[in-house]
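One chain, chain A, appears in both complexes that follow, with chain B as partner in the first and chain C in the second.
Coming up: the complex of A and B.
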C-alpha cells in the first residue's frame, strides 16, 4: 500500500511533478515511427508525460519533435505544412526546423528575434520501429537503451500499441506481475492445451473456449504449456544496472526436485521483458495522468509477415482495438457471463492475454488509490518497482540521477526466461547478462 | 514525505527471507509513524476494531523500530 500522497507522487507524470522529473531523465518511446512513413508526410500530435508535441519528418527524412503550439500565437503545428526542411505554422507562416530553429517569421522582418529565440525542440531518434525522445534537461541524456530489438529492420518487428484510459502505473504493475498469469489467463492456457486447472476451490475444466484466440506456437502437451499447479509462486528479486529482474518459482507438477521458473526483467522505467515471450518486450508509456500506451514489440523471423505475426503475438482484436491509429484505443469488450457460468470460460473475455489484462487494469479506475490495497508477499516485484521509482524520486530531488540508467549494462543482453530447471540450480543461470556483464551499449 | 514503498519493500523482503529460512513470521513491527499512516489509510478497519494488516501480517507499533526498517517477527 501507499499513502495517498505517495500514490500521487508515483502516478502523476506532468512536468514539475516528482515522477515527471524522474521520467524525463530517460529516453522515452513516444510514437510509432510508421506513423511518419516518409519525408514531408503529415505531422502527428504526440501526447506524452502530460505534454503535447508535434512530430514530423522533414524533407531529408530527419525526425523533428517540437512543442506542439507555435511560439508566436499558439496555433497547433499539427495543422502545419511540412515543407522544405521544416514545418510551417498555418496561422502566420512561422517556420521551424527540426532542431527548433525559427527559420522564417513572415510577419516580422527583423532577423534578431529569430537568432535569439528558439522553439522547444527535443532530441529524437528512431529505433526498433519507435520514435524515442529525451525530454529532460539539455545535456543530461543517458546512454540510449539499445535493446536486442532496437536495431532490427522494420520488416523484422511486430509492433502493437494499445491506448488505455487509465493511469500508466496500473498497466506497468500488471506487466511485471507473474502471480496472476495462471489465474486470469486460464482461457489462454486452455486454448494452448494446458488442460484442467484449479484456482482455490474452483475446478476449471480447461477445455478450449476462445478458439479464435491468437496464441503463440501450436498446441503442445499440457505439461509443456504450464507445468505447475502452484498458484503461489515464490518470488526472488535482484536489482540490476537497468532496474531489476525477478523469478517466479513454482513447483513442477509430478516432478519433485525440479522447479518451473519464469524470469521477468524490468528496464527502468518503461520496459518489461516477460518470461515466455520470445525476444521482445512490453513497454508502458504514460500519455498523461489518465491515459497510457501499452506497446508490444516483438522480433519476428525475416520474411514471415510482420503484421500477421503481430496479430498472433499480441492478440489484436479489431472489435476492441486495432493497429490503425484511429482504432488503437482499447474498449472493454462484453464479458461472456454465460460461458463463465457454464464452466467454459474463466474470465469471459475473448481475445487473449492483453484483452484480459487490459480489462482488469481499467477496472481499477482512472487512477487507483493504493491506500486501499492489501498487498501480499507474492506482489514483491510490484513492490520493488515502486521502491525503485520512490528511490529515483528522492535521488533526482537531491540533484542526482535516477536509478536504472544502465551504467555497466549491455542493454542488448537483457533477457527473460521461462523454463524448468533442477531445484538446486540458480535461476540467474538462465539470464547471466542481466546482472550487468559486458560493456555498456553507448551510442552517440 | 513518508515513503511506504520503502517500508513495504523492506518488510516484504524480510518475509521472504524468513520463509526461506523455514520461519513462519506472525507479526510486523513498525515505527509508530508507519502504523499511523496505515491506520489513516484504513479508517474502516480501525472503526471496526480490526487489527491493521500489512503483507498479510498484523502490524504492531514499536517506537524502537526505525521508520524504514520494519521487523518481521
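Coming up: the complex of A and C.
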C-alpha cells in the first residue's frame, strides 16, 4: 500500500511533478502518425503528460510538434491553417515553422520580435506508425528506443488505440500483471479452446461463448492454449538496461519437472512486451492525470496493416472503441449477467482481452488510492516497476538521468516469451538479449 | 536502522521475504520474522532487529508492499520511520 503522498508522486504526470519530470526524460509516443496522413493536412491536438500541443505535417512532410496555443494571445493553433511550410494562427495570422520559428507576425511589422522569441517546439520523429516526442530539457534526449517494430512499414503494423478515462498507472500495472491472465481472461481462453478451468472453488466449463471475439483466432488443443492449472505464478524479476523483465512461472499440468514460463519485458516507462502476445508491444501513455491511451502495436503480414482483419487481430471492437480518431474513447460495454449466471461466461464482457482489461482498470476509479490495496507475491513485477520509478524520481531530482534509458542495450532485441521448459532451465535463456548487448547468454 | 513486525497484523503473504531476505523470513507458523546478522529473531513485541541503514530502501519497499501493513522501522540517521 502506498501513502497518499507516494501514490500522488507515482501517478501524476504534469510538468513540474516528480513523475512528470521523469517521464519527460524519455521519448514519448504521443500520437498515431496516420492521423497526419499527408503534407499540409489538417493539424491535430495532442494532449500528453497533462499538456496540450498541436501536431502537424508541413508542406515537405516534416512533422511539427508545438505548444498548442499561439504565443501571441493564446488562440489554439489546432484551428490554424497548415500552409507553405508552417502553421498559421487564424486569429492574427502569426505563422510558425515546424521547429517553432515564428516566421510571420502580420500585425507586428518589426522583425526583432520574431528573431528573439521562439514558440515552444519539441523534437518529434515518426517510427512504428507513431509520432514520438521529446518533452524534456533541450539537449538531453536519450537514444531513440528503436524496437523491433519501429522500422516496420506502415502496412506491416496493426495499430490500435483505446483512450481510457483513468490514470495511466492503473493500465500500466495491468500490462505487467501475469496472474490475472488465466482468471480475468477465461472467456478468451475458452474461445481459444482451453476447455474447463478452475478458479478457486469455481468450476468454469470453458465452452466458447464469445465467438465473435476479435482475438485471437483459431482454436487449439487445451494444453496448447494454457498448459497450467496454477493460478498463483511465482514471479522472478530482473533489472535490465531498458527497465526490467520478469518471468511468471507456473507448474505444468501433468508434467512434473517442467514449468510454464511467460516472460514479459518492460521498457521504461511506457512499453510492455508481453509473453504470449504476437510480435509487438502494448504501450500506455498518460494523456493527463485522469486519461491515458492504451496503444497496441503488432506486426502483421505485409500489406495488411490497415485492414479490418489486422485491426481485429490487434483487438479492436468498434462497438466499444476506435479505430476512428473521434471514436477511440473506451466505453464499458454491458455486462452479460445472464451468461455469467449460466456458467457460459466468466467476466460477461464480449470483445476480448483488451475489453476485459479496460473494464476492470476503469473500475478502479479515475485515480486509484493505493492506500487501500493489498499486494501479494504475484504482484512482484508491479512492486519492481514502482521501485524503478521511485528511484528514477530520486535520480532526476538529484540532477541525474532516470533508469532504463537503455545504455548498452539494443532495443530491437527486446523479447517476450511464452514456453514450457525444464524446471531447472533458467528462463533468461528464452530472452538472452534482454540483459544487454555484449553480455553472453547464460548456459542452460 | 531498527525493524520489527506487528505480528498480529501479519497475513503471511511472504512478500517481505521475497523483497529482502537479509531482514525478513517466514517462520514455521507462516508469519513473518525479522533477522539480524543472519539470525532469525523470535516473534514478539521486543524483537527489534538492528540492521544496516543501507538496507533502508528495501525495508521501506517491503513495508509499502506488505498487505497487512505490519512492518515497522526507524532510521535514526535519516529521521525516516513507519511506526
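Here is the rule we go by: the second predicted complex is superposed on the first by the 430 of 444 C-alpha atoms of A that agree within 3 Å, B and C clash if a C-alpha of one lies under 4 Å from a C-alpha of the other, contacts with A are read in each partner's own complex, and residues count from 1 in each chain.
We take it that a contact is a pair of C-beta atoms (placed from the backbone, for glycine too) under 8 Å apart; a residue touches a chain by one contact, two chains touch by 3 or more.
Note that the structure is a prediction, hence the values are computed from the model and not measured.
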Simultaneous placement of chain C and chain B on chain A, clash or fit: clash
Contacts of A:372 with chain B and chain C, given as first, second, both or neither: first
First, second, both or neither for A:2, with chain B first and chain C second: both
Partner chain(s) touched by A:10 [first = chain B, second = chain C, both, neither]: first
Chain C versus chain B, contacts on chain A by residue: B
Partner chain in contact with A:212 - chain B first, chain C second, else both or neither: neither
Intersection of chain A interface sets (partners chain B, chain C): 1-2, 6, 374-377, 379-380, 383, 386-387
Residues of chain C touching chain A in the complex: 11, 13-15, 18-19, 61, 64-69
Interfacial residue positions of chain B with respect to chain A in the complex: 1-6, 8-9, 12-13, 15-16, 19, 37-38, 40-42, 53-56
List of chain A residues in touch with chain C within their complex: 1-2, 6, 374-377, 379-380, 383, 386-387
Complex contact set, residues of chain A against chain B: 1-6, 9-10, 234-237, 371-372, 374-377, 379-380, 383-384, 386-387, 389-391, 394
